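Presented sequentially are two complexes of subunit A, the first with subunit B as partner and the second with subunit C.
== the complex of A and B ==
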């Protein structure tokens, strides 16, 4: 009877499995097929060109630039977001007046669509009439075209991404901190362990599941960064601020290289999958039982 | 934590309420419903009541935005009022090209759509030829070569003809002591820029955040370098793919020269089109390499601005200034439309002189059909003044394979960012992309 029930229960997986096949597996296999063609993205005529797109991919310095930018967007955001998110969480885990308001303010940018956030920030950083330049002029300084240089623009967009999503890290860490029993800290205090020791030997190890979740979420979000880039620079000047995600869109729609775009997309997918797996496995080993 | 959650929930709900109260998107509006519910013109209303009902609903996707889009939508409503055939009109704006490409890829196209300059090179695979339609013989001669393929087939009804030059602010010219009629070559243009700069204005505006404004430079300037000179040009070389892209460096070098000489706005890489158009209207900028739509945009913000249009200078004294022409509001019918008869009926409705005149007037451009007069607004005297100036098609549409627009924009941005070797790299990039896409043709 139990075996029969188990079999029936397994049937409930089928809808999810079908959706996964329809919306993930099938498009992915189609993407692989397209990556071997010279398809322009709209015509019914195209031909198979073997590994040409992959050879081009590994020689393309614009893609290399986008890859480096992706690493900066992904890892830069993740590192700062998590340090800052943990700091906020530790601070806001203590009781003080106005704590809820501070939490809400830090979390609020998460609720804004990234594209909107990008447009809001454009009014801050634009050369002509941007708030930062208005302040510079007010203090007698010359205005600066902040987004005209690729590396600086990449840094600014990473900071904007951090500002927007640090609230998620904060909430994850807050939840993690509230799950750590108070008795551990009481025992440590009786044993004479100072605050740093408590953080290092109690808080951090017990926060590992939260750290794992926050890091993986932030990393995937950062590596896929798209909306903020489109709103602020659309990948420009030239290709200098493109991420791999924006490069995929750019190559498909504007460059009309759907085959090459699929190649970049597949690389992006595999890269994010490998990095995420490594991170998850690393933190799995660090986790301790409560 | 409860308090925190309640604040978050409260803010989210408030935002949802605001979203619910906001104006609904205007992109999709079944013309039939709109025609029956709006306070339409009495005669149209009367016709709605008498028009025979039809089960057919045509889909129409437009690349137009603003006033031209409203005029086209109104024409669809009037068509519905007259025939009873509903038209679902949509104008997705900036996403139009992306949407159309995905629709072509999936072969799930609207019954009719606008081709924005690409009726032959991009859309002809999916369009029904219109040579057999009654209006075909009335299409103005100047646009016929631009919408005809190698087999002599035309695919669209051109409601108007895009005729463009360099737009300028008359006050800025006067204050700088520049006479646009004296500008015949790029050397003259540079001398004018020097005067404008000395008078404290920005000679030329580029809004590089909208990087198509950089591509516009090449589209405007390239014909004078490679196409328009009858005694020496590269028309055949572009057509047969043998163009020596080393020659492309000179057009990039001119952009670089202007940039380094301070003829462009300081934020040429990060400003945008709207800012540029407003600056033109406000009298901060001398010239812009945009179509006449920039004048409409500038007048929207500064209705009293004195603006004009001039032909594009020649490369040197051996050639003459020219204008740029092409499709603007052109409509075609999907070759596999399940409602072919009704779609052609709508196309012919749009070709009626009074409808065509309204649509061309909304664009501020000359009509695309013979015998149809449109009101071209403040540009009218300039169209009349330059009626005999030779017109050449948009460079990228005619001489580059489809899909190279982005290459113009990107390489131009690299030149503007003053990267070392950007001019040489730009020519190489163009060559690689040209050969790649030319082989796909």
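== the complex of A and C ==
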């Protein structure tokens, strides 16, 4: 291709780049600047306070609690979604009647807005008349106020996130399984390798690229958890169920600590970047080894 | 081996039923509640033997559900158009001119995909307020487009890379410049991947809550998620009307999913497998 043609062609990505610069990169650099100020979010007056917000971050019990919750939301969801997603995929990879119905029912919630999913789940976990308490009463147990304690509410919301998005890892694994040639298994069974051996030496290694994609997708999704928390607890009781994302909005719009809120945002960004980079590198290495 | 398979087949059906029951339970509860009268105090597990339409009347009249659906439709459709056009355009040079510089641009685009939206909420809100873009259609449209574009560029770049360059070269010999080559040769071939782009990014725009919550503060321009969340906080005593509102909010995507299931799943797989 001629050099001139190439230069003209490169103009095609200018509109996209302009959007990124205006609405992602520029705000991001501003975010770094604001994170060093004591700005309240609306007044003209503010001053630079150096690393004060960052020091405050590591001393703030509520924010550190939100950080721990974020890790539970992110890693808890990822671990269960992948094990369960793989189990579902292995199950659905065999032929039986109603298979496509099962797949549709598991995958459908992925399409639903997480916020609305949170509200639907409210009908199940509600204390008065909630569907789960109805079942408890039916079996002669006392009803439980499921969302009243922070740690339990965090686990329940992790579970809700898993239930909603396990379909993503399931379809990724299903596609991965369908790419493994049947003859590998045939050869293995002729050699007398049992089902577990086939899973360990054929299925798992060949699924590595799928595992890598599913883990990264689930992890980023879980670490960004926001809508479900807003729908079910809005971070409460107290600050016990906040994630870093809900903490950012809480500090900005409720607490009017825009500078501090920007600091939490920048920290969240750096944390997610580091974690996803480590994971991607780990799986790249694994794929090469295998 | 054959016997083994038969034995395996027997436990499959009950297991399939249990899985379906667990995963469908929330939707089942929602359906039952949406059609039940608020005076009916039977368990939420029991479907009503009648249809109580008033829940939907309340959701539509008091909850402004139709306005919410209208706003969300305008925003989603505009975003999808921009995401397709800008995405396909940007992908063309990235797939065809594999220079070091363009490799850097590609890495930059993938980096944008990693930015957690809320980490830049404070400055983004300030920028939009400065541009007078809060509570406007264009404001939320450019933000959602900017955050969904990387996925679109990623999918189109992978797809165009797999199209043989012989066609481009033929067009170039016939005297087509890059513009005509793109519009006449490349664009018509992008249909299958465009389906994936529309589904993946469209769903994210339709379901958006975190940006809309802060960028659309005027009650006149509420999206479906905002409409439902304010309806829930105002009608916490009428859970049945709230259920009707939630059902109306998810019905469009569910119907779309059930009719185009194959494309939805293909889209997901396209986006995940490099």
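Definition applied: the second predicted complex is superposed on the first by the 268 of 290 C-alpha atoms of A that agree within 3 Å, B and C clash if a C-alpha of one lies under 4 Å from a C-alpha of the other, contacts with A are read in each partner's own complex, and residues count from 1 in each chain.
The rule is short, and it goes like this: a residue touches a chain if its C-beta (ideal position, glycine included) is under 8 Å from a C-beta of that chain, and two chains touch if they have at least 3 such contacts.
In this text, all values refer to a predicted model and were calculated from it rather than measured experimentally.
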item	value
First (subunit B), second (subunit C), both or neither touched by A:250	first
Touching partner for A:238 - first (subunit B), second (subunit C), both, neither	first
Partner with the higher number of touched subunit A residues, subunit C or subunit B	C
Touched partner set for A:107, first subunit B, second subunit C, both or neither	both
Subunit B versus subunit C as contact partner of A:40, first or second or both or neither	first
First, second, both or neither for A:98, with subunit B first and subunit C second	second
Which superposed partner A:23 touches (first subunit B, second subunit C, both, neither)	second
Common ground on subunit A, meaning residues reached by subunit C in one complex and by subunit B in the other	41, 101, 103-104, 107-108, 111, 126, 253, 258
Subunit C to subunit A touching residues, read off their complex	1, 8-9, 12-13, 15-16, 19-20, 22-27, 29-30, 33, 41, 43-45, 86-87, 89-90, 92-94, 96-97, 99, 102, 105, 108-109, 112, 114-127, 142-143, 145-147, 149, 153, 172, 177-179, 182, 203, 206-210, 213-214, 224-225, 228-229, 232, 239, 242-243, 246, 249-250, 253-254, 256-258, 261, 264-265, 268-269, 272-274
Touch list for subunit B against partner subunit A, complex	1, 3-4, 7-8, 11-12, 15, 97-98, 100-102, 104-105, 107, 122, 125, 208-209, 211, 266-267, 269-271, 275, 402-403, 405-407, 410-411, 413-414, 416-417, 419, 433, 436-437, 440
Of subunit A, residues touching subunit C in the complex	1, 5-6, 8-13, 15-17, 19-20, 22-24, 26-28, 30-31, 34, 41, 88, 91, 94, 96-99, 101-117, 119-121, 123-124, 126, 129-131, 134-135, 138, 163, 168, 171-172, 175-176, 189, 209-210, 213-214, 217, 220, 223-224, 226-227, 230-231, 244-245, 248-249, 252-253, 258, 261-262, 265-266, 268-269, 272-273, 276
In the complex, subunit A residues that touch subunit B	38, 40-45, 100-101, 103-104, 107-108, 111, 126-128, 145-150, 174, 178, 233-234, 236-240, 250, 253-258
